[in-house]
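One structure is given here, and the rest of the page talks about it.
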Amino acid sequence: MFTKPIHTKLLLGFLFIAALFLPLYVPDSYMFQIVITSLLFAIATSSMNLILGYTGQASLAHGAFFGVGAYVVAIMTKAGWSFWIALPVSGLVATGIGFFIGLFAFRTRGHFFAIVTLCFGVILFQVAENWIEVTGGQNGIFGLDSATPIPFPFFGPIEFSSQPAQYYLVLAVLLLTLFVLHRVVYSIFGLTFMAIRNNEELADALGINTFATKMVSFAIANFIAAIAGGIYATILGAVSPSAISIMITFNFLIFLILGGMATLPGAVIGAFMIPIIMEFLQFMENYRMLFFGALLVVVIIWFPMGFFGGLKTINQKIIAWRQSNTSEDSNA
Amino acid sequence: MLKLEQVYTDIGELHIIHNVSLNIQKGEFVTLLGSNGAGKTTLFRTIAGVLKPAFGTVEFNGIAIDKLPVHKIVDLGIVLCPQGRQLFPELSVKKNLVMGAFSLRGQKSKIKKNLDRVYEHFPILKERSNQLAGTFSGGEQQMLAIGRALMSEPSMLLLDEPSMGLAPLIVKQIADVISNINHEMDTTIFLSEQNANMALNITERGYVLESGKCVLEGLCKDLKNDENVKRAYIGA
Amino acid sequence: YAKGHTVMIGFTGPLSGPAAQYGRDNVNGLEMGIQDINAAGGITVGGKNYKFALKTYDDHIDPTAAVNNARRLRSRDGARFIFNPVFNTIAPMMQINQQKGSEFLMMAYTSAPEVDAMKNPNTIAIPPPFSVYVGSYVKYALEKGWKKCAMVVTLGAYGDGWRKEFESAWIKAGGEIVADQPANYYTETDFSAQLSAALAKKPDFMLIGGPSATTGLVIEQARNLGFKGEFFMVDQAKLNYIAEVNFNNDLTKMNGVTGTARPRDLAEEEVIEPFLKRCLKDYGRSATSENLLNYGAIRILAAAMEKAGTVEDITAIKAAIPEVLPMDAKINLLPFIDLWGSRFILPGTIQKIENGQYTVPTTTFWWTKSDADFKKAVSSIPDIGNTNVNVPLEGYAK
Amino acid sequence: MELFLQQLFNGIMFGSTYAIVALGLTLVMGILHIPNFAHGHLYMLGGYITYFFITNLGFGYWYSLLLSMVILGFVGVVMERIVFRPLTGQPPINAFIAAIGALIFLESLALVIWGPQGMRIPNPHPQIIKMFGITMEAQRLLVVGGAAVLIVLLHLFLKKTTTGTTIEAVAQNREGAMLTGINVNRVSSMTFFISSATAAVAASFLSPIFILSPAMGAVLGMKAFIIVILGGMGSVPGAILGGYFLGLIEALGGGYISAEYKDVFAFGALILVLSIKPTGLFGKQEG
Amino acid sequence: MLKVESVTKKFSGLVAVKDLSFEIAKGQIVAIIGPNGAGKSTAFNLITGTLKPTWGKVTINGHDITGMQPYRIVTRGVARTFQTTSLFDQLRVIDNLMIAYKWRTKLGFWNTLLHLPSWKRYQERAFARSIEVLEFLGLTAKANNFIPTLSQEEQKRLAIGVAIVSKPQLLLLDEPTGGLIQDETDRITELIRKIRDEQGITVCIIEHKMQMIMGLADRIVVLNYGEKIAEGSPEEIKVNPDVIEAYLGGELNA
């Protein structure tokens, strides 16, 4: 039912091999840093795609769950826990908080849902700012070790302090995330998410427990977002309230919409494209954000479906054009 | 009065109306028959200017209107009473009606006169003039929609499926009122319907639309006897 | 400048958003320092002449952006000295400044003591720790016989630190904190809610402050609500700046406000006056301590490079700093004394406005532990006509 | 008791600001169904325009306020025309992104033109007034009174004039309005004009007691946005009530319970209201 | 099988359904008619849980389902369609059907993620049943089409198909032929009959088309202002003076 055409498979295979060998070709630590953070944001953006793109619920608390993950990992590793235990725990904590938030938020829909989640996001931010004993307040938690080395027979432990090691760690988690999302989205289980996005009343009338389904989608999305946040904490080595602020949500949102909502590659493309554009614009100095703001408006007007959505449309047009050409040929 | 030549209309990527040409004279009462999804609404919206034809011309009293914005077309005297009524649910019945006379803004006495006339056609609207439109039942809303369309004294009225979803009794009432309007006020009426029984009984002439193409046109009495029309639209 | 003859100085910090002015002030100080170094012919190291250049990037206090900028400054622009003025972005940068092959000297403009605790060898913190001022304030308040203190300080790492530090010092000295109503000085502009609550407790004095303009508002609003007592300001807020922006230089409206001394009173007149004029001319703003301290820091770096005979080996350069300090006041304006671990030693100076006038400032020699120490320190710095006090900072070890 | 009255007054003053800013936003959101997240930044720009007239051109306070209203009104019209109108028919999330783009643009623009430092408009009414044990500047009374007048005027305009009714009509049914001959685009422009002009008034009222800075619109914009949703999108009474409600909660919660968690109370209360009435205080029932 | 007992629904001030009672026996086709705003759709919403009755009781096969969530009521075997054709128009035809079958399966996150045997089994079962329904509807060729490319009649057929894919016992149809012309109406009528006869599903239908109803229904319930004013066989209803006055207007040939 859900198989992919052969050229797509080839392209994906090529991309995978390219990703494996990428560290050999990165020119400097700066480029490498951007690649690593983009991969990380791709994880978080993909998870936002599940709740917003596929389930149609504009959760503006998404960045907050990213932050919760970062804080949980920071707090636990500071307290001496292994990163590999802290990371899944951070996902579970975010899922738990998400469940509580969902109890309130899923009573509302549309804009109202967006606002309720926004409010919760702000509240989590304020807690991070003010619960100084636990979160370190504004200073946050700093001086974190990189991910605990994995002991490995014969080769010695795998360390995560170098950029290549961090890269492979993030790449592996991104691939895992995409695998999970792919399995979910291309299944009847995932179809129910899209059904809710499309017509919640009808979904309800067809025996779908819309509340529970939304909650599951929310939980998966939050879990993954927190994992991304947890890795972010070890890579930066410091967590402060900016990791949980509404700006994080807005960034993911911008990545997602400009990349192409409700498409798996769109989220990844967006998470790569925007930071790179932003870095490229550094030469504009004071005028950079001015330009970026205008650019955002122009792009959203010209590519309402996002970059990948735009590609898809163009592709479809080419196919249609080819078909019409061949049919004319056969007429001739 | 109204003249369409080779009109094509697209919605997004879909080509909905193909090569429709038609001509309606002043004072006529014409119907447009077509099944669900045939493109009646799309054609009406094209005439009213909500949609712009991809190709072809629409002329009204010799003026090309296919590129004019909707409000200019209303000012010229074409008013569409849309499918789904499109009322202002949170405004009172009376305010809905007054909004209908928006193109007469400033002319207080004229608006008053038109309001009285609408109340005459539909006494229930007068009775409930302060009720919010959204709380009306389907039939009442349809009356209000027609009343609102009449408020600007249109020279041409486009009625899109006024009988849809209405009980037989109400359909009959509405049919009577429309006939009255055509006869008494000399308003040209173009009526879209899938309820062929009703439409062919009250109008003079008709077009049949299928999949966006105009497949048949003629006087109602001829259409009524057409085998295809009988089978598809009227039934045994 | 030809490649290989330039010392690249990097800066990343807030150049947009609510803290943009603060970031700008830092950059301006660096810019002036670099202009002067280059005007004096640059530096000579290993027989080669080097000029200085500055590259700045905006990170709007986003740690991710700060790290990206640092990476970029180090690997693309070749900067081995990177300045940053916010603790939240300094912390993650301190995670990468020792990575092999991409080491850089973190020039941290922050008074947060956490930087010292991290004991990062490739870091130099520039301003004195804010705890310096706490001691002077407490001493002054005790002399006045005050008891009740209300705090309306900015939220944030910095403000939190100040509040904690002052609270513990004041309580230890037998005082009482009757109200603690922090407010977000960056996003809020009305403090009547916090102030009404604080004033209801009838405090003798208030600890306030955050960014200058907003602090001015707090003073104004508190006075309008009928507060008659005195104010202590955290070191971020600048007396002269508040006077200018908020009160149109009418100092009578600022009677009873104590804060860090205005730049004019930090150094000898003949060296500071031209500097102040220059700030006003080049940047249309009165000088702030960010200007002065960054100016001083970059000039010290330049001298240390010459001394160490390298522009690349940051460890050697840092090690050379104590040898070049203290410097000639004509070059360095301020009395930088020494390096203490990873922080410059610089006296802290406060000042009060009374009867519409700036009073003589009070300088704290916070690093001295004994009278002998103190005397030595006093004599080692140029006489700038201050009263000097010794409030040694507890737990501030090398 | 005195403290309570003082806090009550503070709350009412915050509330007045929130109410007029939210009122402008609710009109726009009701009519165009676009989440104009940049509304707070229009407010910021209004403050700077007033500042420009007073400080750079030496105009009087009230003239500057009027000019600021008109100019910002046109800025709003332009914004509607080039940012939001091309997005008609797109999902609201796209308009939301466009609004974020617009707010980034406006904030950077102010930064480039006026620089990052906070600026002050001289207070035209600095007198201190004491009443019932409350102390306040006269300008604060002006904010409260001015907001009330503005609210009443807007209400009369919407309910009693034909032009006002066209705004309501477009909000309730865009296509229906079009078909009655209303020039919907003009109504959109007009609504944006009114909405931005009220933001300019709010900014001009407040900037003499506050500080102007390029970032000042962000938080207020977000709060206004939340108030609009809380009140029921597009509902005028909802925006007013929501505004005062939020102002009071902030002042009383912040003053009596905990200043750090002031926003937590405010947002927490909003969450509670929305989970009891999922379409806002004055929202239409779904279905 | 369905029993509605003195159900009342009030909307702020307005009584949309008032003390309504009726029963539907297995294998019947029952029609509900009445003027616009009489409360017909509301009655459906009350049965399917979309609205909660102010008071009264709804039972299916003796089980009380009053006030249950709509998705739970579906699992008791009551399916419905909406007055305006309601489909997942962003999805394909086959997806629409499979979604409607989902509650009959145990497809969850874990078996989907791990592609457990149960996942495969259920996924195949859903697919098979969907194909079966497509054949029944005569839409097999459109399985992979997106909804907007279907004609209105096809959409209405599919909406009915989506409702029956999970094999309900009772199907509630709200104006299934609204807006259709005569021969399309006839085809849908035929489909409804087939649903009863071949799939063994009891049907309750709201319609304004008297000709069709009189030919199709076994029993008719007439509502006016939320109240039941008549109930009986088509022959009885046709001549009932109350019904003629309130609804039919003396003319049957509308």
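First chain written, first letter: the chains are A, B, C, D and E, and each begins at residue 1.
In this section, a residue touches a chain if its C-beta (ideal position, glycine included) is under 8 Å from a C-beta of that chain, and two chains touch if they have at least 3 such contacts.
Given the structure is predicted, the values throughout are model-derived calculations rather than measurements.
Colleague: List every chain that touches both subunit C and subunit D.
Modeller: Both subunit C and subunit D are touched by A, going by the contact rule given at the top.
Colleague: Give me the step distance from subunit A to subunit B, shortest route via touching chains only.
Modeller: 2
Colleague: Which of the two pairs, B-E or B-D, is linked by more C-beta contacts?
Modeller: Per the contact counts, B-E leads.
Colleague: Averaging over Cα atoms per chain, report the distance between subunit A and subunit E in Å.
Modeller: Inter-chain centre distance comes to 41 Å.
Colleague: Can you compute the centre-to-centre distance for subunit C and subunit E, using the mean CA position of each chain? Integer Å is fine.
Modeller: That gives a centre separation of 74 Å.
Colleague: Nearest whole angstrom, what separates the Cα centre of subunit A from the Cα centre of subunit D?
Modeller: 33
Colleague: At least two other chains touched by the same residue of subunit A: list those residues.
Modeller: Those would be 129-130, 286, 288-289.
Colleague: Of all residues in subunit E, which are in touch with two or more distinct other chains?
Modeller: 50, in rising order.
Colleague: Mind pulling the subunit B residues that touch 2 or more other chains?
Modeller: Not one residue of subunit B touches more than one other chain, so the list is empty.
Colleague: Mind listing the subunit D positions that touch subunit C in their complex?
Modeller: Its residues touching subunit C are 2-3, 6-7, 10-11, 13-14, 107-108, 111, 115-120, 122, 128, 135-137, 206, 209-211, 213-216, 218-219, 250-251, 254-256, 259-260, 262.
Colleague: If you look only at subunit E, which of its residues touch subunit B in the complex?
Modeller: 14, 34-37, 83, 148, 151-153, 156, 175, 178-186, 208, 210-211, 246-249, 251-254
Colleague: Under the stated contact criterion, what part of subunit A meets subunit D in this complex?
Modeller: Going by the criterion above, the answer is residues 52, 58, 104-105, 107-109, 111-112, 114-116, 118-120, 122-123, 126-127, 129-130, 246, 250, 253-254, 257-258, 261, 286-290, 292-297, 300-301, 304.
Colleague: Show which residues of subunit D lie in contact with subunit A when the two form their complex.
Modeller: Checking each residue of subunit D against subunit A gives 35, 82-83, 86-87, 90, 92-94, 96-98, 100-109, 111-112, 222, 225-226, 229-230, 233, 260-261, 263-264, 267-268, 270-271, 274-275, 278-280, 283, 286.
Colleague: Give every residue of subunit A touching subunit E within the complex, in rising order.
Modeller: Going through subunit A, the ones touching subunit E are 1, 180, 183-184, 187-192, 194-195, 197-199, 201-210, 216, 220.
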